[in-house]
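In what follows, chain A forms one complex with chain B and a second complex with chain C.
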Partner chain A sequence: MVAKLQVISLCRSLLRAGRKYPDYNIREYTKRRALDGFHMNKNLTDPSKVKEVYAEGKAQLEVVERALKVYLAYPPKTKNIMELKVQ
Partner chain B sequence: MHCIRSSILQHLRLRVPVRPVFLLERENVYISKMNFTTGHDGGQDQVLSKVIGLVKNEETADFKKDLLLHSLDRVEIVMAIEEEFSVEIPNEKAGNLTCCTDIASFHSL
Partner chain C sequence: MQARQMAHPENILDKLIKITIEKLGVKEDEVKANSSFVEDFGADSLDTVQMVAAIEEAFGIEIEDEKVESMVTVEKAVEVIEELLKEKA
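Moving on, here comes the complex of A and B:
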């Protein structure tokens, strides 16, 4: 049975992992997708379904962390325009 | 009630620097938009005033009861504040945050 605390902690881990990417687009995407995924499934009641989506989330977390290592090896050379300070 | 929540979340997600605007007048509680800026400028006073500026009259607007934000929204808000002020809020403490003043207390004074 997946506890609420575990769900929240998974969400935070996903958001934190997504933050480390050097690429602006990937950062924004992981944040958006993580939050959307949790919002979509927030009203589930069936415990087996909850367990299923929780496991899916955990798998995605592993993917994010693994891909991060690869992306860190090749950081982008220029800053993305969205990251520039508004004049 | 729901428009406060959606406005807060919408502003969190867009993260565009905006001047503070009064969102909603509700029983003498004025809530202004979070003034997100890119970059880490400002000392502790500015940081504190930014967070306090969130809720003008009442600093103890409870996330769940007054602003109708559930725990996922709270996660989002806490992460946004962590990013804005470059502080790390540990998991256990994050569960106990119920109002803006709690969050403000995390900034090194």
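Moving on, here comes the complex of A and C:
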């Protein structure tokens, strides 16, 4: 049985990992996709289904963390226009 | 100078109010020091996660799960942020 606190912790871990990406687009996508995923499944009640999507979430977290290492090795040379502050 | 400004309670409160308005869709005059995010603003657990993520990003801090649980009201949240900023400085 997956506890609510575990789910919240997973969501936070995904958002935290996503924040570390140097690329603006990947950062925003990770944040959006993580939140969308949790919103989509927030009304699940069947324990086996909850366990399944939680495991999927954990697997995705591993993907995010693994890919992050590659992206950190090759950060973009310029900032995305969306990151530039309006003067 | 910037760190001192950031650590000033009014600046922390201003930033926190801005985040609250943005993430929870409330009006500025509805946000009071003793306002509860869950009871007064109807935040669910996902809203709370988003708020905490926004706070972490805005202040450059990391908030542990145990501290998140104590951030029930605006006032409490300011206290936690102040404490973490002091630890960081």
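Some notes on this structure:
In this text, the second predicted complex is superposed on the first by the 87 of 87 C-alpha atoms of A that agree within 3 Å, B and C clash if a C-alpha of one lies under 4 Å from a C-alpha of the other, contacts with A are read in each partner's own complex, and residues count from 1 in each chain.
The rule is simple: a residue touches a chain if its C-beta (ideal position, glycine included) is under 8 Å from a C-beta of that chain, and two chains touch if they have at least 3 such contacts.
Quantities reported herein were computed from a predicted structural model and do not represent experimental measurements.
Between chain B and chain C, the partner in contact with more residues of chain A is B.
Contacts of A:K42 after superposition: both chain B and chain C are touched. Once the two complexes are overlaid on the shared chain, A:V70 sits clear of chain B and of chain C alike. In the superposed model, A:V86 makes contact with chain B only, not with chain C.
In the superposition on chain A, contact of A:R19 is made with both chain B and chain C.
Once the two complexes are laid over each other on the shared chain, residue contacts for A:A3 go to neither chain B nor chain C. In the superposition on chain A, the residues of chain A contacted by chain B and by chain C overlap at 4-5, 8-9, 11-12, 15-16, 19, 35, 38-39, 42. Within the complex formed with chain A, the chain B residues making contact are 13, 17, 38-39, 70-72, 75-76, 79, 83, 91, 94-95.
Contact residues of chain A toward chain C in the complex are 4-5, 8-9, 11-12, 15-16, 19, 31, 35, 38-39, 42.
Within the complex formed with chain B, the chain A residues making contact are 4-5, 8-9, 11-12, 15-16, 19, 32, 35, 38-39, 42, 83-86.
Remark: chain C residues 44-46, 48-50, 52-53, 56-57, 62, 65 touch chain A in the complex.
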